[in-house]
Structures are given as C-alpha cells and as structure tokens.
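Structures for review follow.
Both of the next two complexes hold chain A, though its partner changes from chain B to chain C.
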Partner chain A sequence: MELKMEAIYNKTISATALIGFIAFFLLSLKTVPFSPAPLYGAIAFSTIMFAGYFLTNHILYGQDPALFILSSFISQLGLIMLYRINPAAFSKQINWYALGVLAYILSSAIIKYWVKVKINPYFFLAATLVLLAMPLLFGVERGGSRSWIQLANYSFQPSELAKITFVLFLAEKLRSGKIESILRLSGEILAVTILLMMARDLGGAMLFYMTALAIVFAATSRMDIAAAGLAAAGTAAVFGYYLFGHVRIRVEAWLNPWQDVPGRGYQIVQSLFAIAQGGFFGTGLGMGHPEYIPAVATDFIFSGFSEEFGFMGAAALIVVYFLLVYRGIKISLSAKESFLALAALGIATMFGLQIFTIIGGVIKLIPMTGVTLPFMSYGGSSMVMSFISLGILNGIRQSGRGEEDDG
Partner chain B sequence: MYGLIAQVGKFAIIGIIYYFLYNFLKIMVVDLLMDKQHPGETGYCLLDEDGREYPLFPVNTVGRASDSDIVIEDPFLSSKHALITKRGRNMLIQDLNSTNGTFVNGKKIKKPFKLRENDEVVLGDRKFKFLRRENRGIKNGGHL
Partner chain C sequence: MDRLKKNTKIIFGIFCGLFVSLIIYLSYFTAYERDRLIQSSYNRRLWEQEDKVLRGTIYDARGRPLADTVIEGNVKKRIYPGGEAFGPLIGYSDRRFGRAGLEDALNGELLGVTEKDPMVLLRQKILGVADRGNDVYLTIDSQLQSTAYSLFRGRRGALAALDPNTGAVLALVSSPGYDASNLQNKWDGLLNNPDKPLINRATQGLYPPGSAFKIITLAAALCSHPEIEKKIYYTPGYVKINGRIIRDYENLWPGDYDLNTAFRYSSNTVFIQIGQEAGADNLFSMAEAFGFNANLDTDIPVATSTMPRPPSLGGDVELAEDSIGQGKILATPLQMARVALVIASGGRLVTPYVIQKIVTPLGLEKSMHKAEAPRIVLEKTVADKIKALMVDVVKSGTGKPANINGITVAGKTGSAENPHGKTHAWFVGFAPAEDPKIAVAAVVENAGGGGANAGPIVREVMLKYLNSLQNK
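For the complex of A and B:
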C-alpha cells in the first residue's frame, strides 16, 4: 500500500513539473524574438521542487508528502502568473520559494522534537503583541494599511509571523479544554484584534478573530461562546461601518462598485471584468490583460489567474487549496495530544479563512480586504511564513507517527 | 500564430491540472481504505515476557488449539483457555473453564474481568502485560 501511495505522489509531482514546463515554454514563445529565459525559470523551479521533495521524503520520517506537493503546485501557478505579469518579480519570488522550502524542512524537523517542550502560553502572547505593535511604532504604510517594516531594501510583514505565535498561544492556553477566566481570554483576543485594526489591517483582524473563535470552540465545544463571539463580531462590524471611513469605503465598493467605477470600485470592477473575460476555459496563457487589474501581483493574483486559465483553472485551484486545508484538519484529528491537535486546527483554519477572505474579496462575495493568497501572491514574508506553518503541521504529523512506528 | 499555440497549451495545462486532482482523489480514497483496513484492531495488545506482542481484536480466543485467535504453545495452557472481548471501551477477560485457570494481577478470575492498562495476565505459567499499543514503545523500549 505504501509503495502504491508513493507511486501516486510521484505522478502528481511529475504532473506539477510538466505544467511548469508547458507554461514557461508558452511564455518563451510569446517573447519575440524567442527567448529561452522563461524556460530557465521552469528549470530552476523544478530543481528546487524535486530537491525539496526528495529531501523531505528521506530526512523526515512519517511525514505527509501531500503538504509539500500541494503547496509547490500552488506556488508554481503563482510563479507562472508572476512571470507573466512582471519577470523581475518572478526572479525575486523564486528565491523566496527556495527559502520557503528550506524553512519548511527546518520547521518540520524542529517541531518534531520541540513538541515535547512546554512553553508558557504568555510567552507566545507577548511575542504576538510585540510583533503586531512593531509596525505601528516604526512601520511604513502601504496600500492603506500600516503593517510593514522596512529594513534596508527588504520589507517584512510581522503579522505573518504573529499568525503562528497567536495560534500556538491559544493552543497552549486551551490545552486542558477549559477556560479559566473567560473575561481574561476575550481581553487577550481583543487586544490582538485591536492592534490589527489600528494598523488598518481589517482582513488580518478578521482572520485572527475567527481563528481564535474556531480554536476556542474546538477546545471547549461550547456553543454559547461561539454564538456570543459571532454576535460580538457582527456588532463590531456594524459599529465599524458607521465610525470609520475606511471601513465604509470598502463596504460601499463591495455593495455597489458600479457607482464609482474610476474611483472606489476600480479594483473590484477590473477584477470582475478580468474574471468575466476568462470565461470557462480562459483566454490562454499570455492572451489576457492582467496589467489592467491593480495590485495584480499581490491581492488580485486570483483574478489574473482566472482570466488566463478560466473557470476550470480557478475551480481546480480552489480545490487544491481545499485539499491543503483537508490535510491540515486530518493531521489535527490524528494528533495524539490536545495542544498539537489545537495547533494544527488553528493553522488549518487560518489558511482556510485567509483563502476564503481573499478569493471571496476578489470575486465580490465579501468586502475586499488586503490579505495575501498563501503561496501565490507576490511577497516574501507570506511565502516563507506559509511554508513554516505547513512545516509545523508536518512536524505535528511526524510526532504522532513516530510513537506508532518506532515502538 | 502564438494565439493558436496558447489555445492548445491552455487545454493541455488544464488537462494536466485535472490529472493532478484525479491523483489526489485516488490518494484520498486510499487514505479512507487504509483507515478501514484494520477495523478490528482495538488499540490494545498483550505483551509476552519475551517481548512478543499480540494485538487484540474485538473477540480473541487464547489457547493451545491452532484455531485460536492467539495461539500459545505451552503445555500448561488448555486448548481453549481464555476469551478476551471488547465491551464498549473496555476489554473483558473471561476464563473458559481451563485446567490451570486465568490470573489477573495474581488473583484467579471466575467472572469476566475488566482489564486495565498494565494489568498482569497469567495464563498457565505464561505472564502477559495488557497495554495500549501506542504506549508499549515507551514502557518497554528496552527489548524492542
């Protein structure tokens, strides 16, 4: 059975590499005169991917190969789109991908041994608060939210790392399945959410809050807390709409983007045009106009992708994301200890919500908030931190497997 | 010219993407089948003194007879010596009127007896330890 599974995994990774070669070959043909530069990109990507695949298979015992394959598959589609949009961004992003793969292997290996260590949950809370406060104090503003820190030529988004520390904090704190003081816990969650709101990172605030609710519900299975939490979020959203201008702009652009097409609704309208242009099978790689969409390399990469790969490609991409979350939930269910189960659940929920928030935003299902599409959007911190989160999931899986098989 | 190639390439890429998904579907099916493959295993086992381990199923007969679920070649055992069954979350051990009796923690049992982790089961003159399978590695790592 194991051998058969390995054969299937090998097939999927070969299919991933094949997609890369076809797509980059198309991009080579598109440049006039013919230039092999995109093909070098495909070779570089496949080399990193296969090296990562063999390393994870040989070093990490009892790991889940699906996590690496699915994330590489998505990264590759993102890289193809990035090359299409802006080749310079591609060459930066492929370095981030390589770094992410390395971080994935390291974090899987470290977490496997580190799970035995017990750390005070308040250490994680302090880390989360410091990370989120940093950009408020000496950050730079970009795209309306103040969540980046500039260091020489590199900018870094601390909230990406805070996602992990926040999940670990909640998992550690609720490992016994009981809440000691509900006021204190809600105060801690609110402090984190308010810091994000102050940075005007509404999508981030929503992600952290909903993940916290999911973890609390999974740990205590108390329906009343979940209902109260959702009601509080709804009330806060209504107040936010009336009190803050930037919230109202987002909501109005969502409800009726057509009333102010060149202004507020511009991003969403362009995104909708692009998706409509794609139709069922897409315009074909290189035949669309992603350059019309604002922020297409980061927030709106999904619209660019749906334009060129069509509904079929976009639906497949969503299924791949779903598979990633499914693997995460499966790891959480098979974890032996409640801390590990909650941490895995938190990470999987965070991924799922983030994907829902951004894809829902660009297709005008929910108001647009600027969170990144994991593995696909242009951006180093998002790429590396997503890989580290997956590495943690993988480490949790290995620690569960180790006891079963070693004995 | 490029437009035509892009059209062909587009269908090729989408085809491979769905081939990828199809393979993952197969992986999911295999996953689910693997979970079902040992439906019987209760997660408990009997550990012999010399390190041999007998996984326990919902119903196990122990004895010398070759059609027992757990066959133990020992002259002091009866051919059908004892029966270990699962009830709810517990495992019960029951003596089948054996000649030399069944002992748990040094006491001879007459009625079905609820086994707990680390209980010592003596059949004939063989000693066994009743363990959860995932804990056996930690407690008996020495000889495994």
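For the complex of A and C:
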C-alpha cells in the first residue's frame, strides 16, 4: 500500500516537472530570436522541487507528500505565468520558492516537536496584534492598503505571519471546547479585525474574521454563535458600505463595473475581458495579453492564467487548490488532539477562504478584495508564509503519525 | 473530539459548496457572458484581432459590396463603395476614430470573434480560413438607398422604407450623409458640420411626428368609438383649450367636416375633438400598441420613440397636442415607417431588421433574424378603414404630390411645428394599397409642408422599388 502510494507520488512529481519543461520550452520558442533562457528556469525549478521532494521524503517521517506536490505544482504554474509577464519577477520569485521550500521543511520538522510544548494563547494574541499594528505605525501604502513594512530593499507583509499566530491563538484558547467569556473572545477577534480594517485590508479582515468563526464553531458546536457572527458581519458590511468610500467603490465596481469602465470598473473589466478571451480552451501559453490586466502578477494572476489556459485550465487549477484544502481538512480529522485539529482546521480554512476570495473576486462572483492567490501570486511574504502554514499542517500530520507508529 | 470532527466535516461541506460555485460561475461566464465581453468596444483585444484578421465584407440584398477590405501594398484598407448615401447607416471602423453604425454593431461578426464552437474553429484553422471574419448580407437595396438619398438633395432629413410583410428594411437614409472612405481627410469637417452628418437620423433622430400621428389618433378613436365614422364635426377654424389657441392650416375653411374630409385635409381642430372623444388612455395605449415607448430590440441600435402618458386630470392641452402629433411626442423615421406598416399589413406590428444573413468563412449561413409571430395590434377592419382614408389623402387631399398613375398609394402628410424654424415635412405611406410591397416614412427638416416637400421623395422611392420588382 505504502509503496503503491509512493509510486503514484513519484509519477505525479515527475509529471509536474515534465509540464514545466514543456511550458518553459514553449516560452523559449516564443522568444525571438530563440532563447534557451526560459529552459534554465525550468531546470532551476525542477532542481529545487526534486531536492525538496527528496528531503521531505527522507527527513520527515510520517509526512503527507501530497502537500508538497500540490503546492509545487501550483507554484510552477505561477512561475510560468510570471516568466511570461516579466522575466525579472520570475528570477525573484524562484528564490522565494526555494526559500519557501526550505521554510516548509524547517517548519514541518520544528512543529512536530513543538506541538508538545504548551504555550499561553495570549502570547499568540499579543504577537498577532503587534504584527498587525506594525504597518499602521511605520508601514507603507501599496495598492490602497497600508499593510506593508519596508526594510532596506525588502518589503514584508506582517499580516501573512499574523494569519498563523492568530490561528494558533484560537486553537490554543478553544482547545477545551468551552468559551470562558464570550464577550472577551469577541473583543479579541474584533480587535484583530479592526486593526486590519484600519490598514484598509478588507479582504484580510474578512479572512481573519471568517476563519475565527469557523474555529469557534468547530470547537464549541455553537450554531448560534456562528449565526450571530455571520449576521454581525452582514450588518458591518452594510454599515461599511454607507460609511466608507473605499468600501462603496468596491461594491459598486462589483455590481456594475460598466458604469465607469475607465475608472473604478477598470481592473475588474480588464480581468473579465481576459477570462472571456480565454474561452473554454484558452488562447494558449504566450498568446494572450496579460499586459492588459492591471496587477496581473499579484492579485489578478488567475485572470492571466485563465486567458492562456482557458476554462479547462482554470477549473483544473481550482480543483488542485481544492485538493490542497481537502488534505488540510483530512489532517485536521486525523489529529489526535483538539488543539492540533483546530490549528489544522484554521490553516485549511484560511487557505480555502483566501483562494475563494481572490478567485471569486477576479471572476466577479463576489466583490474584489486585494488578497494574494497562495503559491501563485508574485511576492515573497505570501509564498514563504504559505509554505510555513503548509509546513505546520505537515508537522501536525507527522505528530499524529509519530504517536501511532511509536505506540 | 467527535463533535469537533463532525463540525470540521460541516465546514468542509461549506468549502465544497464554495469551490463548486466558483466552477459553476466560471462555466456560466464562459458559456453565456463571454460573447458580450469579447465584442465590447472597451476590449483592446479587438484591435489586435483586427490586425490579424481580414475584416468581413458588408453586402446589400443583391450582393453588392457596401464595406470591403482591400490590401494596398501590405496595408489593409477599408473602403466604402456605396459612398455618401451609406455613411450614416454603414458607419466606419477606424483605429483612430473608433467605430460607428453597422461597422460597430456588427464588429464581432465582421471580425469572426463570435464563433465559439471549438470544432468550427478547428476546421477553420485546418482549412486556412481562420484569419477571415464573417460576411454580412443586409436587407438594404443599395440602388433604392442611393436614389432615395439623392432625392434629399443635401437637405437635412431621413427616410426609412420597409417590406410590410416581413419588416425587412429596404432603405435607411440619413441626409446629409458622408463617404466613410479616407476618413482622416475629412474627419474635422464632418465633426464640425452643423448639419451633423455623422448621426443616423433615420434611427437616432427624434422628431415631433405632427399630423402623421393622426393615423394613431384615428385608430384609437375608431377602436373605442366606432360611431365617429358617421359623425359630422363643426370647426370655426381654431380651438381654444385652457387659454391656448390651436389653429388649422391657412387653407382650411371653418365649417362642417366628416371624418374623411378632416383626415384628407388634416384638420387639427377636428382631430383635437376626435382625440378628446377617444380619451387620453385610449390614445396612449394605441401609441404603445404601435411601438411607442418600447425599446426596439433589433440588429441595429434605434432610439426609442416616446409618448409620455397625458395626465388624467388637467391634461387637456397635452391631450389636444398629442392628438395632432405635437407636444411631447417624439418619433424616429423608422418608427413612423412602422406606423405605416401596421396599416399596410392589416394591423400587424413586426420588428424591422437590416441583416438578412451572415456567412462564415466556411460558407455556413447564419440567420440573425429571430422569427417572431407578428403581433396583432389593430383589428383588420379598423386597419382597412384607415387604409381607405389614407388612399383618399393621396388621391385628393394633402398627399397629392405622392400620387402615382396606375398605382394606388396610401399616405398621410405631416407638417410638424418645432422650435428650429419652418415645419418638418413628413410623409408616411405605402403602396400599392391593395397588396402593399413597400412602407415608407420620410422627413425633411424645416422644409415646410409635408405633402409638397416629403411627398415627392416618397413617391419616387415607391415608384423605383415597385418598378424594380416588375423587372425582376
């Protein structure tokens, strides 16, 4: 059984590498005159990927190889699109991928042992609040939200790390399955959400809030709290619409982008044009116009991907993301302890909601909020932190397996 | 732990729902929303397509090209062999000046980007015709169009001619027009011309219809009060309503009028009485039955002709003005041709259309015209009574200038008062009355009386078309 699974994993990762070589070869053909440079990218990527695969398989006992394969598969699609859009961004991003793989292995290994240490939940809460307050105090504004910190030549989005500390805080606090003071807990969740709103990171605020609801519901089975939480979010959204101009602009751009195509509707309309152009089968790699889409390397990378890979490619990508969430949920279900189960659930929920929010936003199913598409969007914080989250999932899985095997 | 697992499964179920909804929405988007987006004039990809594709040709009903792409050296050039008569209808497609007219409305078809069946696309690629757009065949008779255009002799105005049986548009003239070839040399002149040649007056021009609207007043009255047929109306030559005086035309004597004479000589004062008898509600709903206040969903953009509902209290002046087609009523020449069509066809309203068929590079023909059951908006007996009255208008009334020897022409004139000077001259009619083959509406802006100025244009257009049917 194990051997058979291993053979499947080996085939899958080889297929991923093959897809990469084909795609980068196509990009080589597209460059005039013919240049082998994209192929070097494929070589670099598969080297890192195979090294990571080999290491995880041999160092991490009882791990889930699917997590690494799925995330690398998605990262590669992102890198292919980035090379297509801007080769310079590709060179940076592949370094982030390498760093992400390293962080994945480290966090997997560390978490496996660390989970046995009991840490006060308020340490995590304090960390979350400090991380989220940092950009408000000395951050820089980018794309309308003030959630970045600039350090020398690198900029960093602390909210990416806060996602992890926030999930760990809630998992630790609710491990007993009981809420000591509902008022206090709501206050803590609201404080986090409000800090994100102050940074005008509406997508982030929604992600944190909904993830908190999911964890609270899973831990306590309190349907009434979940319903009240959703109702409160709905009310807040209505108030936000009337009180804040930037909320209104997003909602209006969603409801009717055609009212002001050169202005507030511009981004979403360009995104929709790209997806429409792709149709069922896509224009083919290198044949679309990602340069027409604003922020195509970050928020709108899914639209660029859809144009060239079509509905078929986009639907397949959604399925791959779904598999990743499914693996996370599975790890949560197999966890031996409620803290681990809640932490795994929190991380899987954070991933799932983030993916739904950004894909739903660029296809105009829901209003557009600027969150990144994990593993695909250009950016170091998102790439590395996504890998660390995945590493935590992997560590939780190992800790469960370890006991099983030891016992 | 068990409850936690159960809850986790519930949350997983929600995720299943969310991700499935993404894929369902994306499928819906790709299947249904796609076409509209690809053809949007905001879509920059269309111009890329334009470079790669040989834009399709627009032909008239007999296969004469009206917009064609020729290759001079290595440069693709769009030419418009029809000249000035076709400018406002066909429009132009130019990277600098954008698109207008049918070149705009049919852009997706002409570029061939509407095709979405992957098998057809594959066949086109294999057969080497993937870089060709679709050809479009119009219902327009280009000789009729040119003749009609020349009859305006440069005066501002418009004409619409329809086949009363199908609604096919035979001619759609806007004067002055322009020749869309070599647009860059004349763009500024066209843009600054006070006569606004870039506008298609036949579909976008909204004019008060004047006495031509009396057809609708008559229909409303005949439907609600059939006895008016035998009534005699007295008029002193003017009528005073709430202090406002409306007069008849100068050559009408005060006295007794029956319905026939009042319609034949277009007496305003009698028709105000008839309108009062019909009542505001009947007049309003009859105008809507004839197609007013409804967005015309057809293959070219058409401005909506409007008649605001007269207020039921204190709307006497408005009702009086409405009865004679003045006041707030506005109609496009195409809409007025539809009014003639309703009478010509014995009470049926059909949607006019200009596209006969679209031919793909593989030779497949697509019909753009949605077959629709004609709506019966008027009883045939009433339509025939109005037809008889319209025949008398041309035989011995205000419409005499449209009379044709040997052919019974039915018509109604209109001289619509407007704030810009002399009255707009209207003529709407159809021929032959016994078996209508063509329904026409023409307006000449600020030309004066409808019979004398618009009548001869309609007469020539009818004659030309009926002769061409004979010679076929």
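In this section, the second predicted complex is superposed on the first by the 407 of 407 C-alpha atoms of A that agree within 3 Å, B and C clash if a C-alpha of one lies under 4 Å from a C-alpha of the other, contacts with A are read in each partner's own complex, and residues count from 1 in each chain.
One rule holds in what follows: a contact is a pair of C-beta atoms (placed from the backbone, for glycine too) under 8 Å apart; a residue touches a chain by one contact, two chains touch by 3 or more.
Only a predicted model underlies this, so the values are computations on that prediction, with no experimental measurement involved.
Chemist: Clash or fit: chain B and chain C on chain A?
Modeler: In the arrangement built by aligning on chain A, the partners chain C and chain B fit side by side.
Chemist: Which of the two partners, first being chain B and second being chain C, lies in contact with A:Phe244: first, second, both, or neither?
Modeler: Touch status of A:Phe244: no partner.
Chemist: Looking at the overlay, does A:Leu333 come into contact with chain B only (first), chain C only (second), both, or neither?
Modeler: The second partner, chain C, only.
Chemist: Contacts for A:Lys30 in the overlay, against chain B (first) and chain C (second): which applies, first, second, both or neither?
Modeler: Touch status of A:Lys30: first partner only.
Chemist: So, A:Lys4: does it touch chain B (first), chain C (second), both, or neither?
Modeler: In the superposition, A:Lys4 touches chain B alone.
Chemist: Is A:Phe217 touching anything from chain B or chain C once the two structures are fitted on A? First, second, both or neither.
Modeler: second
Chemist: After superposition on the shared chain, which partner residues are touched by A:Phe281: those of chain B (first), chain C (second), both, or neither?
Modeler: Both chain B and chain C are touched by A:Phe281.
Chemist: By the touch definition at the top of the document, which applies to A:Leu272: first (chain B), second (chain C), both, or neither?
Modeler: Only chain C; A:Leu272 stays clear of chain B.
Chemist: Just how close are chain B and chain C at their nearest CA atoms in the overlay, in Å?
Modeler: 10
Chemist: Counting contacts the way the document defines them, which residues of chain A are shared by the two interfaces, the one with chain B and the one with chain C?
Modeler: Shared contact residues on chain A: 281, 319, 326.
Chemist: Which residues, counting only chain B, touch chain A once they are in their complex?
Modeler: 2-3, 5-7, 9-14, 16-21, 23-24, 26-28, 30-31, 34, 37, 133-134, 136-138, 141, 144
Chemist: Using the touch rule from the top, collect the residues of chain C that touch chain A in their complex.
Modeler: 1, 3-12, 15-16, 18-19, 21-23, 25-27, 29-30, 33-34, 37-38, 40, 42-45, 48, 116, 118
Chemist: Using the touch rule from the top, collect the residues of chain A that touch chain B in their complex.
Modeler: Counting only chain A, the residues touching chain B are 1, 4-5, 8-9, 11-12, 15-16, 18-19, 22-23, 25-26, 29-30, 66, 70, 73, 281-287, 308-310, 312-313, 316, 319-320, 323, 326, 330, 336, 403-404, 406-407.
Chemist: Along chain A, where are the residues that touch chain C in the complex?
Modeler: Counting only chain A, the residues touching chain C are 177, 214, 217-219, 221, 261, 269, 272-273, 275-281, 289, 292, 306, 311, 314-315, 318-319, 321-322, 325-326, 329, 332-333, 338, 341-342, 345, 349, 352, 356, 359-360, 363, 365.
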